[in-house]
Amino acid sequence: MALMIVRRLGVFLLTVWVASLVVFFLLSVLPGDPARAQLGLDATEDQVQALREQLGVDRPLPVQYMEWVTGFFTGDMGISYASRAPVAPQVLDALQVSLLLVAGGILVALVIALPLGLLAAVRQNKPDGTLFSAVSQLGISVPNFLAGLLLIGVFAVTLSWFPSGGWAPPAAGADFLRHIALPALALGLVNGAILARYTRAAVLEVMREDFMRTARAKGMKPGTALLRHGLRNAMVPLITVTSIEFANLIIGAVVIETVFVVPGLGSNLVRAVGNRDLIMVQSIVMCVVVLVLLVNLLVDLLRPVIDPRLRSAT
Amino acid sequence: MSRLLTAENLDISAGSGRIVHGIDFAIDRGERVGLIGESGSGKSLTCLSLMGLLGDGLSATGSLTLHGDTSSPETASDDLDLLNADENAFSSVRGNRMSMVFQEPMTALNPLMRVGDQVAEVIKLHRRAQSASLPADQPNATVEDRVLDLLDSVRIPEPARAARVYPHQMSGGQRQRVMLAMAMANGPELLLADEPTTALDVTVQKQVLTLMAEQVERAGSSLLFITHDLGVVSEVCDRVIIMRHGRIIETGPIDQVFTRPEHPYTRALLAASALRTDHSSGRLLTPDTVDAAAQNQHRPAEDRLSISSSAEAGSPAAAAHLAIAEDGSAPVFNQAESPVLEVRDLTRSYGKAGFLGRGRVVEALRGVSFDVAAGQRFGIVGESGCGKSTLLRLLTALDEPSSGSVRVNDQAISGQRERRLRWLRQSMQIVFQDPMGSLDPRMTVVDIITEPLWNAGRAERLRRAKELLEQVGLPQGAAEKYPHEFSGGQRQRIAIARALVTRPKILIADEAVSALDVSVRAQVLNLLDDLVDEYDLTMVFVSHDLKVVRHSCDIVAVMNAGRIVECGPADAVFDTPKHPYTAELAAAIPRMKDNVA
Amino acid sequence: SCGAGDTAPAEEAGTEETGNSDASLAVGFAAVPANLDFTSTGGAAIFEALLYNTYEGLVRLGDDGTIEPLLAESWDISEDGLEYTFDLQEGVTFHDGSEFTAENVEFSLERLDEWTANAPENLEALESVEVVDEHTVTLHLSEPDYDVLFWLTGPEGAMFDPDSVDDLATEANGTGPFVFESYENAVEMSFSRNADYWGEQPDVAELSLLYYDDANSAANALRTGGVDALVRAEAYDQVDSFEDDEFTVQLGDSQGVVVVTLNSDSEGLSEVEVRQAISMAIDKESVLAASTSGYGTELGAPSVPTDPYYEDFSGTYAYDPEAAEQALEDAGYDDLSLTFTIPNRPYAEAAAQVIQDNLSDIGVEVTIESQEFPAVWIEESMTDRNFDLTVVNHVENRNMVNYGNPDHYWGYDSEEVREHFDDAESATDDDEHSAAMLAATEQIVEDVPGIWLYNPPNIVISRTGVDGLPQNDLGAGFDFSGVTVTE
Amino acid sequence: MSTPETASSTTGETPQPAQRPPRRRRAGTGLIIAGGTLVGLVVLMALVSLVWTPQDPTATGATNRLEGPSAEHWLGTDGLGRDIASMVLAGSRVPLLVGLGTVCVGFLIGVPYGIAAALTERGAGLWMMRGNDIAQAFPALLLAIILAAVFGVSTGTAVIALGLGLAPGVARVVRSGTLQVLSRDYALAARAAGRGSIYLALRHVLPNIRGIIIVQATVGFAIAVLAEAALSFLGLGTPPPTPSWGRMLQDAQSVLNIAPLTVLWPGMAVAITVLGFNLLGDGLRDRFDPRMERTR
């Protein structure tokens, strides 16, 4: 078990390292000159060259890579080309916002998905089960930004229940909840629909497992059997799916953050790309990638906790 | 004896299609009934309908009654209409008055729950009823104690430890014992067992069966036992029901049915199951030939060798009968002058030490040496996982050995590039166990059969395919069809046709008949026999079924845990085994009780 | 204090409660500052937030465009126009407590050499700064420059404290009525009232500027109470819906010139007749409708209504597709196809699609190529001049003078125009200056290096109760010191 | 081998009923019909728009901006005075093209990659899958944003990015499908027949994972349509003036409060298309995935 964790961590680190190479060299081919982008329409060539030197973007790529990658993992992500302030605090702030938003989204998604998927599976060939499936099917088809726009239109502009956008930190309490409600809902609705379908599939799969029949043969009622034996088994594939969904949520957040003017990784990324704030883009992309890999790692480590079959690797 | 269960006019249908057609039967208290029939005849569905566990889309009509017990006043119970019982009534019966052991022990237990908890669950579920039926000597036993007792009673070693492990940490046989413990936990009046041992090794099968009979006996339960294996039924049951195509075609006490079968199908089943041969032709009896041969008194398979040896007068001198030595050193078995197949010190291990020493090494083969002479039929038997398939993959150069060598016609084939093995692909072919799995469902029969002919033209292929279809007894029209349009036996014929299309010298058969119904099995074995003669083939034949090997082969090698432990002429090996494992194996074969055979 | 046109009465109401309200004001902005250093980062976003609020110069631009005293109480200009002497306000301190003196003027203006953005060359005529005494300073020019005072009202004139120029990007230390508190990148910039302000204290205690990339989000924020006011609101289609009791809409002018530049190196476009034909083919009314719902002013020349020398040229090449088609045919270009590179901004995309439609009516096939703004557009279109047509909104003050720079991406080189600009620069009185500028304008319009589409409006929408917001965007700072807030 | 005995015995074999599904409607038919109809509708729209639209979808008009539905403009006009009905019609081409392109790119890369990884399972295959894992950590939309910055905003860039984003998922599924095929005895039989990897891949693997591929393709299509809309919404997808639903949504966003219908039409178009492909995918999965079939 311990060996497995060490091994999995080793693979994780290796993966992160390769990913950092990919991120760096992928972005190094970006056209558009960060220095020129900073200086605006009427800067002279000399001014631009000077800024290039100041930013260090005229040095050989390997040197830049080493500096960036060592910095990234020591919490010094460099100085933003655009804001001229250290990247790390900005990225970390944005990361915090995005994580909260994604967490909210996952919460909403789970709250929607688990009951909906469960009911759709249990009532499979009955009218209400079909209705639940249809609802989730429709939910998937709506682009999440459209859901966001509609939520703003209804709950913010027309009903004035929630602000139309912006952000408040968790410390702000009720204000935080008011601000996160709509974006988390927009993010969670669509992903909840997707998750509901996976839940339905997983529960259906589990319901036809032999051990469910064994449970019934012991004298358990179907509902009890599903609760006592089914759900835990259905969790195994669902956890994996949730980790994949996590990547989708993070990327869905890019769009939702734009719609709701939330200062998360996504809106920062879009702006940083626009500003050719290369170092910012790199750090954000790397953050997203590491996050996705981290969640995969967590899920890999979590699975054996739930599923004893995976524990006997040694 | 009082009646426990009555089924009258029981119909089971899927949608509009009827699967079980109005069957009637009854089970008495303490009676042990065997339910036999070919695959798909509706045995499992009948059983599930008793438990009220028919799947979605299936429905049962007629009447099914579980009779109440009036013998002792404190455990008195009422009659229960099993077809119309509601979920509440049913759930108090299942696992309590009636319980069931399923076919597949690997998946019948919840993989995420400790074994002990799963056993405890069934006790807790029926606790109130349970407290009454607890053995008088331990009235205050806790659930935990009871679980350990149960595990102990089904002979699971170290019950305390076993209760804490997860199902995947147990072997199949152990899991099936846990299932049995669960089923017997509340001393059921009726135990339903649906092929509870087919997934297990022969030696383990034997143990589990004995255990089951014992438990049922002790608890005084009735038993409804489903199986394909007539030998098993004759050992365990009092009475037998024979089903075919959703109907009961014959029923009666074992002695009567097995000695004086009335229905032709029963007769065929008995014949095929014992691999009896037609006295005059030396061919196995099949359901179609059994009636014709009924007059010619059938003789058991044990005679086979004497019959075939006359046909093979020119075969090499009888091989030596050797076993592995006490110290574990193995001789070269079946050594021959100029062998077609020469295997020396072959080992194969799977898995690597791996990153951080994680990998696990499985030694599938641990030093195997033997020869096969031209024209010999070389049989290999052994339990599941002993390395039979691994050995065959090495013989056919589909895998690389870890060490050792395989020579075919004096040419080394291990470690060669595929391009230099073309001659081998022409002269050696293989037939696999699963007739469905070995045919690509998306290819037509012509394409399948002519797959080994890689540089023949379209017309040539068609010609050869038709030729072979005829030889294996399939109509010409089969050529353009797809595998799913054939039955299992027909598919195996197609697989055999493919193996013969290159006119090979050596045929390797990996469990070629194991997946077939007993009745079809005889037909395919006959076909193989004929073809081996006609093509003058050298054959290596693998099976876990000792009877089949004994019937089909001259030489038998017994494998255990990656080694050949004994090898020699078939009769000699089975009749006078030299190695204890062989003896164990031979003893485990369920035979018809002497009085019925 | 600031002149605010039709909001003057409200302002008076404000002065009565002088600076002791504890109201806070949240204003929505569109353009996002990348950081706080406008001396090295281009674009107007930074200084329009900081100038007049946190930083102050010697002079400022009133809402009507006149030059007013600020840190300089008064000034004198020598006869030859080469010496400007300023008398400075006394008792002025920076927010960090250090005193503002003539030394700061010298330091700040000499530091223009280090600027890398926001056109320090506008003040290239400035030769040296002489500290006369603690509160008097003289600027020496190398040649007369009519515009020196004007440029001093802008970012180039901002006064810095020598101790705080190392972290200009992240801190702002000025002498203005609002103390800079913090900037959360692209989200919010906050200020508090400067209790030690040398002038009249602002009415609002807390000022925050909130940034919205997208006009609709900004409008929603105003509607739902997220902000109290929007300046330069761009959700033009929604302006009507704000015309009610709850909100006040002010329509003002901006300094922007949305111009389609015709690359005279491109085939066909080198002919002035072709350029004129294209100019006549464009329905500016439709462009305006599509880009700004009709708000703003159609232009015919590169000057804007707030320029003192502005004159309406929109009739010069009035919309006349038939004539345009004829002219094109006469010039021998009846199957012209052109690439139109545009910044990926809503106004440009809207305008470009209308223009594409217009030009297809006269048989010119236009391919639109959207480029990311600023990064790609600046490099491809501006630096490399890789376009036939391109469009952009030039928001810099008086950017017309760039038609005198042959190296500019416009590629316009006219001896005459340069002479007119020189005349204007060396002018010493307003009429002389205006006449020269007008002459230049006429010549430029005649040569059609570009098609000046419109001057975007500065639409200020505020919730009722918020008064005293500046009406016009003059290309300097947005001054919030005169704003009053009542609930 | 033509003894009459054996020939006759053939006929005696009972076909195993379990192997022949009872005659009933094949699994997933309803879903396939529903999904196919929706998808067909969208394809039809795209085809019709090539030869006819009610109005010129790029014709702008200052005088008729944001009009409601009328005889001339069935669904009204947008902020530039363009006919929404025509734009919705013409706007179907881009999502369909992007979907098609994405699926092509994704599968041209993913399928061979997945098969190769499976065929070389013991060697390079493991490393190939590690690489695949890393690639999977770059979500498609993230790639699209980056590539839009690298190569400029265009439909082509979006297609390549989305295709690249799709490929790792496809490779993973194809690999496991291939491994399954390779573990079947018929694959072993082909090797025993002396056939090489290429033959195996073409004759056995591809036909047998056809179902998986088709299902993945429809799902990929749906994802691509959604992603294109999202990219266009961010201004990183289809640039103007090509009509596209995503762009229409972005344009309409600024007038959402005053003309909500402008959002409704393209929004519905996207939803219907995605719904169509999802339903189709589900139906095909029911038909091709034997595990699902077992439950019916």
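Letters are used for the chains, namely A, B, C and D, taken in the order the chains are written, and counting of residues starts over at 1 for each.
One rule holds in what follows: a contact is a pair of C-beta atoms (placed from the backbone, for glycine too) under 8 Å apart; a residue touches a chain by one contact, two chains touch by 3 or more.
Keep in mind it's a predicted model, so treat the numbers as computed, not measured.
Asks: Of all the other chains, whose mean CA position lies farthest from chain A?
Replies: Farthest by centroid: B.
Asks: Check A-B against B-D and say which one is joined by more contacting C-beta pairs.
Replies: Pair with more contacting C-beta pairs, A-B versus B-D: B-D.
Asks: From the mean C-alpha coordinate of chain B to that of chain C, what's the distance rounded to whole Å?
Replies: Result: the chain centres lie 88 Å from each other.
Asks: Could you state the distance in Å from the CA-based centre of chain A to that of chain B?
Replies: About 50 Å, centre to centre.
Asks: Find the geometric centre of each of chain B and chain D from their Cα atoms only, then give the gap between the two centres in Å, rounded to an integer.
Replies: Chain B and chain D have C-alpha centres separated by 44 Å.
Asks: With chain centres taken as the means of their Cα atoms, state the distance from chain A to chain C in Å.
Replies: The computed centroid separation for chain A versus chain C comes out at 40 Å.
Asks: Indicate the residues of chain B shared as contacts by at least two other chains.
Replies: Residues 56.
Asks: Two-or-more-chain contact residues of chain D, please, as numbers and ranges.
Replies: As it turns out, chain D has residues touching two or more other chains at 148-149, 152, 253, 256-257, 295.
Asks: Pull out every residue in chain A that's touching 2 or more other chains.
Replies: In chain A, the residues touching two or more other chains are 31-32, 152, 157, 208, 258, 273-274, 276.
Asks: Strictly by the criterion at the top, what is the full list of touching chain pairs?
Replies: A-B, A-C, A-D, B-D, C-D
Asks: Touching chain B in the complex: which residues of chain D?
Replies: Against chain B, the touching part of chain D is residues 1-3, 5-10, 12-20, 22, 24, 184-186, 188-196, 203-204, 207-208, 210, 295-296.
Asks: So in the complex, which bits of chain D are touching chain C?
Replies: So the residues of chain D touching chain C come out as 58-63, 65-66, 79-81, 148-149, 152-153, 235, 239-241, 253-259.
Asks: So in the complex, the part of chain C that touches chain D is made up of which residues?
Replies: 214-216, 219-220, 223, 235, 237-238, 240-241, 283, 285-286, 288-290, 293-294, 344, 346, 349-350, 352-354, 356-357, 368-372, 375-376
Asks: Would you tell me which residues of chain A are touching chain C in their complex?
Replies: Touch residues, chain A against chain C: 31-34, 36-43, 47, 50-51, 80, 82-85, 90, 93, 152, 156-157, 160, 162-167, 258-261, 263, 267-268, 271, 273-277.
Asks: Show me the residue ranges of chain B that touch chain D in the complex, using the header's touch definition.
Replies: 14-15, 17, 38-40, 56-57, 283, 286-289, 393, 396, 398, 418, 421-422, 425-426, 428-430, 432-434, 436-443, 447-448, 451-452, 454, 470-475, 484, 486-490, 493, 495, 498, 517, 520, 523, 526-527, 530-531, 534
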